[in-house]
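Each of the two complexes below includes chain A, the first together with chain B, the second together with chain C.
So, the complex of A and B:
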């Protein structure tokens, strides 16, 4: 069986290559969405085919990781997974086509099918596994990056710190905001903390609730919390929702908040 | 004929996509920024209720037209535990989850029309509409 496949794949390389290329030409529009030029696509295809033929001939590159590296390269190029899966499936089809062109007996045909399946299936598994691993890594890296950005505490003036909030606040982030805020108050010996919600798109009861709790906690530490960056439409929705934000001062802009904070801390900015 | 788009609510991120959908639709229909914020906030509240109390449900946004008026309709449905006492949840400050208890009465004030239909162990359907002034 091995020999037969070997013979065919080396003798009929051109036929296989032609068929494979015809079938894969539909995939060409994939390179429009990724940053691959048509030339590069051709080259990748060529490399892919070469490797597949080597793989079924000797089955030796499995050990030296050439295939593995190739898959990795394709994924790094941001090619869709479809390129690899469809490529492998097409290769299987083409090989079977070529092998079964000659009249073979039924038992032999089944044998061929099974053999080719055993060759291709592990590769498909590997490709899927590798790509899911690749995406998992990307997502977790982004999650970490997002976490680092999510609740910064910035000391701006003596005893005054600012926490700018940008983007959607979910439960996890709300927890982080509270922790960082309280840590920041202690670490910077703040008397006033300004929470800037200019970049928060929606202030619903949950977000408001978290802000109120955070402000309350800051008050327990002996500091004052000022909520700034309230846009007019946000002010109106807060009123409609019936949320009471009168426990702590609120201002429309960060600048007004800082002016108020200077007043509270008995400080003044002087022009030279 | 009306156009309707729906978002399944299963986790916190679905809440964000639901209100994104609502905001885009409100913008297209020609609502002003304040009303856009009202609609988005209302969707946020309703979607969060689904996530918190029912765990799984659906928020649908629909463009409606009635007697020459154009508007936007939010339909939030779930097959959750239902609401035992509707009168109570419409009171300000009533909460079973430690929140502010402003969600449902708030939505009623944010929108122009509001109706709620719920039966225990069957589910809840809330329909709220905002008209363009």
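So, the complex of A and C:
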């Protein structure tokens, strides 16, 4: 029976290729929208089919890493996962179609069906697993990058540190901000910390609460917190929400904040 | 368990190096006020560098000590509060806004000197 499949898959390659292409042409638009030229798509398709036929003949995934490499390549190209899964499903269907067009008995047909199933299913699993691993890696890399960019502490002058905040602040990030801020104060022996919220789009009660908490914690360590980068619309929201920020100094720009910080630390910038 | 209180010129220095339980804290409060009365100290520095836990009662006692000392004419400065302790206090809703703080003993003494000179 193996031989039969092998024979058919190599002898009827053209028929299989024709059917396969017809079935997959619906996917073309989907793939081409993601920066892939029609030529490239044809080429990939051809390669895919070649490999599948070779795989059916060899009947072993582990022996040959070409399939793995092909999956990786497709994923690297940002092709939709659908290209692979549908490709495999189509291949199964086409093979069965072609096989069943031969004159075979019912039992044999069932045998063939099961055999093809056993060949294709592990491949499908493989594809899904590989792509999910690929995405997991991407997501975790992005997460680390985001964490690193999330709350940097920058020493600018002696005893003066700046923490610029960009983007929305949620509870998880607020925690990270507070930890980084306190560690930064200890590490740089800061007397004044400026929190710059120029890049924070919305300041609601929750964000303000987090900022107040951070400022209080900084004060407990013995440093002063200055909130800078308060835009007019943020000043309006803060006041209309009834948030009290009068416990610590606030300034409109980072420059004014630094001037104030210099005053607190008894320092002065001199022009030469 | 008693916490030693050191006198240096017109300042009193206290470094808390034991785990503060309620009894120790109250004993400390009494001892400190007595020492302030006896020595006529103008400034007090309480260093918390080696304290890694402060609960709400201890925080209240510390706040009280600061206010009581002020009544007796001594300015108190808390120094060396660890980030973890600060986060716990904030989470408990204790911000101790009226209590002066400094990063370490050195800066605490500098700040005290500045405030007392003014």
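The rule we apply is simple: the second predicted complex is superposed on the first by the 267 of 272 C-alpha atoms of A that agree within 3 Å, B and C clash if a C-alpha of one lies under 4 Å from a C-alpha of the other, contacts with A are read in each partner's own complex, and residues count from 1 in each chain.
Going forward, a residue touches a chain if its C-beta (ideal position, glycine included) is under 8 Å from a C-beta of that chain, and two chains touch if they have at least 3 such contacts.
Here the structure is a predicted model, which is why all the values come from computation and not from measurement.
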Chain B and chain C placed together on chain A: clash or fit? fit
Between chain B (first) and chain C (second), which does A:104 come into contact with in this model arrangement: first, second, both, or neither? neither
Touched partner set for A:237, first chain B, second chain C, both or neither:
first
Quick check on the superposed pair: does A:209 touch chain B, chain C, both, or neither? Answer first, second, both or neither. first
(Q) Applying the document's definition of touch, where does A:96 land relative to chain B and chain C: first, second, both, or neither? (A) neither
Identify the partner contact of A:185: answer first if only chain B is touched, second if only chain C is, both if each is, neither if none is.
-> second
Least Cα-Cα separation in the three-chain superposition, chain B to chain C, whole Å, stands at 7
Residues on chain A touched by both chain B and chain C none
The residues of chain A that touch chain B in their complex are 168, 170-171, 201-206, 208-209, 212, 232-234, 236-237, 240-243
Listed in rising order, chain C residues that touch chain A in their complex are 78-81, 83, 85-87, 89-90, 95-97, 101-104, 107-108
Seen from chain A, its contact residues with chain C in the complex are 178-179, 182-183, 185-186, 189-191, 213, 216-223, 247
The answer for chain B against chain A in the complex is residues 12-13, 16, 19, 33-34, 36-38, 40-41, 44-45, 48, 92, 99-100, 102-103, 105-106, 109-110
